[in-house]
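What follows is a set of structures to go through.
Below are two complexes that have chain A in common, paired first with chain B and then with chain C.
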Partner chain A sequence: MVAAVIGVIRSRNLFVVVMLGGIYSFLMATVMVALDAVDVAMTEAAVGAGMSTVLLLAVLGLVKTREAPLRHSPFIPLLVCFLTGAALIYGTLSLPPFGRQDTPTNQHVAPYYIKNSVKETGSPNIVTAVLASYRGYDTLGETTVIFTGGIGVLILLSTSRRRRLKQSSDEDSST
Partner chain B sequence: MIRDTIILRVVIKLLLPAILLFALYVQFHGDYGPGGGFQAGVAAAAAIILYGLVFGVSAARKIVPQKFLFSLIPIGVLVFSGTGIVSWFFGANYLDYSPFGSDSKSGQHLGILIVELGVFITVFSTMLAIFYSFAGRSEILSLDGDTDK
Partner chain C sequence: MSLILASINYWVTIILMIGGLYIVVAHGNMVKKLVGLSIFQTSVYLLFLSPGKILGGTAPIISEKFEVYSNPLPHVLILTAIVVGVATIALGMALVVRINEAYGTIEDDEVHEMEQD
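What follows is the complex of A and B.
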């Protein structure tokens, strides 16, 4: 993963960057599998490696595949990245060790789900039971977020498209 | 787009049903194995997008027409939120699927399936619509350039 990230930073060819991003996502998915989060791994593989790579490739069909040279010094963004990363790592220091029994996440509702989800929903996959049944409101919210995001992208792209079409028809009539 | 590569064309045609079948498997097996509406929607959309990348967006539009796709986006959310309203008619709380079946277990089962279907429809159509609008822009740009047509 580190090699993929360094490749993304070093490479000027955007095609290579997109492919390395896909590789990074696949590696991330394997990390999720190693953590026994198969559902998350599947989402990461499908969305991170599959969908965003394909969408970025579709964008690369529209733009040049070489990255433009930098016009400003990279030190301030670098500093911001390091500060944010340091803050996040500092935050993880106070997290309880991975997999401990007596942490709040393992004490609150999780034992209830593990004990009762098969009995109450008939679904052996606890993740699905929690997502669709116990936390149905949250999933409804997520679906609405996807809906809103999609509508937003469509509005952005289709207005400029209409303008573009109108422009080209104007040019046709003027010439 | 790549139009003249016979290997890509043949391989995509072979892979397309397999990807779609896998998406349906992930969708309807989500109760028992990993996966669910979200992953299945993305997989199905990826299948159509692959087809569109190789054969051109107009060919993909023949499989899933754009108008139909755009109407699917709100339908998915409506299926999900409508399920909650149907639970009201059964006298239960919003998004409580227990009264759908003869006992609460089968009701929950049916409810989860319907809700996952709503998620699937929304994710699938949104992803594909984003791809269509990107690719549609490239078509318009090439029309403007008048280079190859």
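What follows is the complex of A and C.
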């Protein structure tokens, strides 16, 4: 995964960048299977690696596919990133260790769902039970966000098409 | 050694996060910025999912054969985040297409220069 990210940073060909992004998403999906998040891994493989790669390729059909060389020296961004990384790594020193059951994150709400979700919703898959039943309103909000995003994309692309039609009709009337 | 094993998941997350951040900050090409943004986003998924993993546990689907399950709550949150993330990326790409139509380029610096002229 780290190799894929470094490839994305170094490559100037945008096709290579987009395909490496897809590979990165697939690797992330396999890591998610290893972390027991099978539902998330499925979504990431379908949506992250599939859909966004296809969408990005569609955009690449419309724009130039080579990146211009960097004009500024990359020193300041590197410094900023290094400082951020150092601060974050300092922050991880007090986080709970990996893979333990007695950490606060695994002690509070999750045991309730694991114990009661079959009784209360009848779904053996706890993730589905929480998503559709306990947090149904959350999922409704999520679909609202997607709806808004879709409308935004449609508005942005339709205004440009209308302008182009208008331009061509203007040219027709002037000639 | 035990410290490394205990927090390796956070460090991998941070390396990926910094890679994404560097792409967004240092590169001027907008498609590349979007890829960097999605890399950053995916690293946040990892940050949420990895503390919910319990060693020796299994995926949170109730069965009589298993006793220990990983934490299902981060999975639900991240499912929502993935789908919302795709919506934002799609919106960003629509903006890129519009900028390309208006300026004929998707490089940050060139758009900035045209604005100043």
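The working rule: the second predicted complex is superposed on the first by the 174 of 175 C-alpha atoms of A that agree within 3 Å, B and C clash if a C-alpha of one lies under 4 Å from a C-alpha of the other, contacts with A are read in each partner's own complex, and residues count from 1 in each chain.
Criterion: a contact is a pair of C-beta atoms (placed from the backbone, for glycine too) under 8 Å apart; a residue touches a chain by one contact, two chains touch by 3 or more.
These numbers come from a predicted model, not from an experiment.
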{"item": "Contacts of A:Phe98 with chain B and chain C, given as first, second, both or neither", "value": "second"}
{"item": "When both partners are placed on the shared chain, which of chain B and chain C touches more of chain A", "value": "C"}
{"item": "Which of chain B and chain C A:Ser158 touches, first, second, both or neither", "value": "first"}
{"item": "Chain B versus chain C as contact partner of A:Thr139, first or second or both or neither", "value": "both"}
{"item": "First (chain B), second (chain C), both or neither touched by A:Leu57", "value": "first"}
{"item": "Chain B versus chain C as contact partner of A:Glu120, first or second or both or neither", "value": "first"}
{"item": "Which of chain B and chain C A:Val47 touches, first, second, both or neither", "value": "both"}
{"item": "Partner chain(s) touched by A:Gly150 [first = chain B, second = chain C, both, neither]", "value": "both"}
{"item": "Overlapping contact positions on chain A, where the chain C interface meets the chain B interface", "value": "38-39, 43, 47, 51, 55, 58-59, 62, 124-125, 127, 131, 139, 142, 146, 149-150, 153, 157, 160, 164"}
{"item": "Residues on chain A engaged by chain B in the complex (per definition of touch)", "value": "38-39, 41-43, 46-47, 50-51, 54-55, 57-59, 61-62, 119-125, 127-129, 131-133, 136-137, 139-140, 142-144, 146-147, 149-151, 153-154, 157-158, 160-161, 164-165, 168"}
{"item": "Complex contacts: residues of chain B adjacent to chain A", "value": "1, 26, 30-36, 38-39, 42-43, 45-46, 49-50, 53, 70, 73-74, 76-77, 80-81, 84, 94-95, 97, 104-106, 108-109, 111-112, 115-116, 118-119, 122-123, 125-127, 129-131, 133-138, 140-141, 143-144"}
{"item": "Complex interface listing, chain A residues touching chain C", "value": "1-2, 5-6, 8-9, 14, 17-18, 21, 24-25, 28, 31-32, 35-40, 43-44, 47-48, 51-52, 55-56, 58-60, 62-64, 67-68, 70-72, 74, 77-78, 80-82, 84-85, 88-89, 92-93, 95-101, 103, 105-106, 109-110, 113-114, 117-118, 124-127, 130-131, 135, 138-139, 142, 145-146, 148-150, 152-153, 156-157, 159-160, 164"}
{"item": "In the complex, chain C residues that touch chain A", "value": "5-12, 14-23, 25-29, 31-32, 34-36, 38-39, 42, 45-46, 49-55, 57-63, 68-76, 78-80, 82-91, 93-98, 100-101, 105-107, 109-110"}
